[in-house]
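Heads up, the next two complexes both have chain A, just with different partners, chain B and then chain C.
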Partner chain A sequence: MEEPVIVLETQKINAWFGKDQILFDVSARIPKNRVTAIMGPSGCGKTTFVRTLNRLHQMTPGARATGTVLLEGIDTSTMDVVDVRKHIGMVFQRPNPFPTMTVYENVLAGYLLTGQRLPRQKADQIVETTLRKVGLWSEVQSKLFKAGTSLSGGQQQRLCIARAIAMEPALVLFDEPTSALDPKSTSVIEELLSDLTTEYSIIFVTHGLQQAARVSDYVAFFMLGELVEFGETKRVFVGPQDKRTEDYLSGKYG
Partner chain B sequence: MTPRKLKNSVMGFLVAASAVLLIAVLVVIVWHIFISGVKYLNWNFFTKAPAPMGESGGGVFNAIVGTFLITLVAAAIGTPFGMFAGIYVAEHRGRRFADVVRLCADALQGVPSIVIGIFGYTFLVVRFRSYSALSASIALAFMFVPTTTRVTEEVLNLVPSGLKEAAYALGARQSSVVWNVSIKTAAAGITSGLLTSMARIAGETAPLLFTAFGSRYVEWNMLRPMSALPLQIFIYAGSPYPALQQQAWSAAFVLVLLILLLQYSAKHLIARVLRVKA
Partner chain C sequence: MVTQPSRSDRRELVHERIFTAAGVTAAVALVTTIVLFLLELFIASRASRAAFGLPFLWRSEWNPVTEKFGALPMIVGTLVTGFGALLISTPFALGIAIFLADYADRKLAEPIKYLIGLLGGLPSVIFGLWGLFVLVPIVSKFEVWFGKLVGSEALVASGTTGVGLLAAILLLAIMILPFSASLILESLLVVPTELKEGALALGATKWDAIQNVELPYVQKSTVGALVLSLGRALGETMAVTMVIGNGMKMPTTLFDPANTLASAIANQFLEATSPVYVGSLIQLALILFVIAIIINIVARVILRRGVQQ
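Then we have the complex of A and B:
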């Protein structure tokens, strides 16, 4: 098996909420242009892990984290948090387009909120290409100047994906992005992921085993704040090396 | 009838009766003021200053101007302070200083308006050796700020945290998130809070007694004594002349109408924006 290119590497990430330690020495290497699923039972630290990557975790009062995050080899603690978040996009559990912005403005929200002015032509072009990438262009072409929240739930979530990738990040974090969606919208988004990997690397948090198996190339299995097993999805599902992974896959907890 | 059902119907009756009582009180007040006040309303009432003593006719144009000026200036002074304090408290939840600010806002809201009036008298009127509309506006601003602070905080807290996180995750800084996401999302609620606070101070009488003092002339200069509707009502209602007492009712009617209008627009604004978003 050829060694994949690594987009992001974590070294001994520990994270706390107040006195409760959530993550223990998590070291992982996330392959470039692949979907890496983060799976594990509820409360195992999946979401906290991805939120430490773009330093959203540290914004919660009382929350802190230690360890090193290398993004394409650069230690993110030496970077401005704004740059970290520009290079690491995020899509949340619930679709959360900005209700005060139109569909068009929502796609450009990253630019608008960081005070970057775009020439009209460039802005139009970003909106169109980004919406095409998430398969939304034909659906919302005529609604570009309607409120982002006027779209359906699944469309809103794809709008949020567009908003994240419009910034051209290296990596996009998906935090259970389909848990609030119906099965049809879920499958639309799942199918979208492999298209997106041509340009972006993806970390996809899910508590669904089937979903992890369907969408991911690599999988990281978390339990009680530890990274228990990491490997190619096929390999982990067929022959887990850790007893805990095996038990989880066979439905003993979860 | 079982005891449980009996209890249910007794409670049901009490709840409904209280609701009806609330409506009844409002209807009685508004109706009485309407009946007593509306018959003396005429064009002169709205456009003329009070007639010289001993002459009939005249109006309360001076008080209408005064109420608008004093209230608007008070709101203009108080809005930035109230809003900024509200933003501070909402953005620093859980910090001790934010809790202190919130506590002080609540305490300030509880200070009786007569005390605010005496405060205005001691620190403004005595100091500058003149009653003035501006000192009234400043005194009212002290009542305007805490309500605005609390309303702003409450409305900002209603902004879903997911929206703020989404903005932060896109690389936005706190100032950008506050202005472009929180405030914009909560704009209608904040505006409606400002209108409600204005409605509240527009009807205040006690602080004006010591500060604006009142005037029989139409006054536009904020540095001079000025009349206002509540003041005019207070003075006319206590006067021995039936003509002035009648004008007090009319003025009361105008004031109540003004305040209800402000409150209605506050509610309407919220409703309209909520509909747009849904």
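Then we have the complex of A and C:
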């Protein structure tokens, strides 16, 4: 098996909320143009882990983190946080399109919020190609200038994916993006993931084992803030090397 | 199967009826009081209406000696002080609310919020007293300085008092500040975290997110909050009465002594003896009442739209 290209590497990430340590020395290498699932029981630090990558974790009062994050070999602590977040997009648990913006503006939100002005033609082009990438173009073509929140839940979440990838990030973090969606919208988004990997690398937090098995190429198993096992999804599911992974896969922890 | 209500059910029914009757009585009494109150004001002011008719609204003479009355200077005084105060206090209110919602540490924010609440609950006569002894002398010095600057001897001469529109505007601005700041703060605090984080995750700075996500989100409730604050400013009586100077002429500059509808009533009701004089003061009250109702309706409409969104 040839070694995959690495898009993001973490070295000894530790994270705290106040005095509670959430993550312990997490070192992981995330492959490029693949879906890497982060799975584990509730409260194991999955979400905290992805939030340290784009430094959103540190925005919470009392929260801090240490360790190194290398994005395509560059230490992100040497980069401006705004740039880090442009290169690492994020999709949240619940669809959160901006209610005061139209569908069109939501796609361009990353540019609009940071005060970048795009020529009309370029803006139109970004909106169309991005919405096509998330399979939303035909559905919302006639509603481009309606409020982003007027769409259905599943469409809103795809709009949020569009908003993230419109910035052309290297990596997109998905934090349990389907947990608030119905099964049909969930499968639409799951199918979308493999299409997106032609251009983007994806980290996908989920607490569903089946979902991890369905969507991911690689899987990282977290427990009590530690990265217990990391490997190709098939390999981990068929032959887990750590006893804890095995117990989790056989349903011993929630 | 349908069963007969049991004894305890029946007792509950009686309780419910008594409670409903009590509630309806209270509600009817309240509405009746307001209607009677308006009716009474209307009847008591009929001498003034008989003497001046509708032109009362736009006549600017107010002369108790010749018994010629017109409300325009007071209407102007009320609107100028109200909107002036709103204009001055709004930037501060927004700044305070944004600071407390998004920048201040909790350890800092909590005591400040407490102080704002305290300031908002202070009796207005205290503001008035402070205005008279602290603010008015400052305004007076400013007036003299400004008079010299523009070369107006009249201003320099009148600057010895300091009471007038400007003092009232500044005092009102301070008085409504806690009210509007805490209302805006409340609406900022309910902006969903998901939206703020959504903006940050796209590379927005805190200020980008405030400007482009949070403020548009609270736009309508903010306007509603400001209109409610305006309502307060328009009706504020005691503090304004103490610093506005009881001037009955149409004010021509911000330094002129003037009156608002409320302060004119407070300043003069003791001296009003003839039915026409009393009636005219009561008509001022009616005008203020109508302005207050309009402001409240506007605020409610705006706030409701804000909620629906």
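General observations
As a convention for this text, the second predicted complex is superposed on the first by the 254 of 254 C-alpha atoms of A that agree within 3 Å, B and C clash if a C-alpha of one lies under 4 Å from a C-alpha of the other, contacts with A are read in each partner's own complex, and residues count from 1 in each chain.
As a working rule, contacts are C-beta pairs under 8 Å (C-beta built on N, C-alpha and C of every residue); 3 or more make two chains touch, one makes a residue touch a chain.
These numbers come from a predicted model, not from an experiment.
Once the two complexes are laid over each other on the shared chain, residue contacts for A:179 go to neither chain B nor chain C. Touch criterion met: A:59 reaches chain B and chain C at once.
Look at A:160: by the touch rule set out above, it reaches both chain B and chain C. By the touch criterion defined above, A:197 lies against neither chain B nor chain C after alignment on the C-alpha atoms of chain A.
In the superposition on chain A, A:110 contacts both chain B and chain C. Touch criterion not met for A:187: it reaches neither chain B nor chain C. Shared-chain residue A:83: touches chain B and chain C both.
Comparing which residues of chain A touch chain B with which touch chain C, the overlap comprises 54, 56, 59, 61, 82-83, 85-86, 89-90, 92, 94, 96, 98-100, 109-110, 112-115, 160, 163-164, 167.
Per the touch definition, chain A reaches chain C in the complex via residues 54, 56, 59, 61, 82-83, 85-86, 89-90, 92, 94, 96, 98-100, 109-110, 112-115, 160, 163-164, 167. On the side of chain C, the complex with chain A involves touching residues 105-106, 192, 194-195, 197-205, 208-209, 212-213, 216-217, 219, 309.
Of all residues in chain A, only 54, 56, 59, 61, 81-86, 89-90, 92, 94, 96, 98-100, 109-110, 112-115, 147, 149, 160, 163-164, 167 touch chain B in the complex they form.
Across the complex, chain B meets chain A through its residues 93-94, 160, 162-163, 165-173, 176-177, 180-181, 184-185, 187, 276-277.
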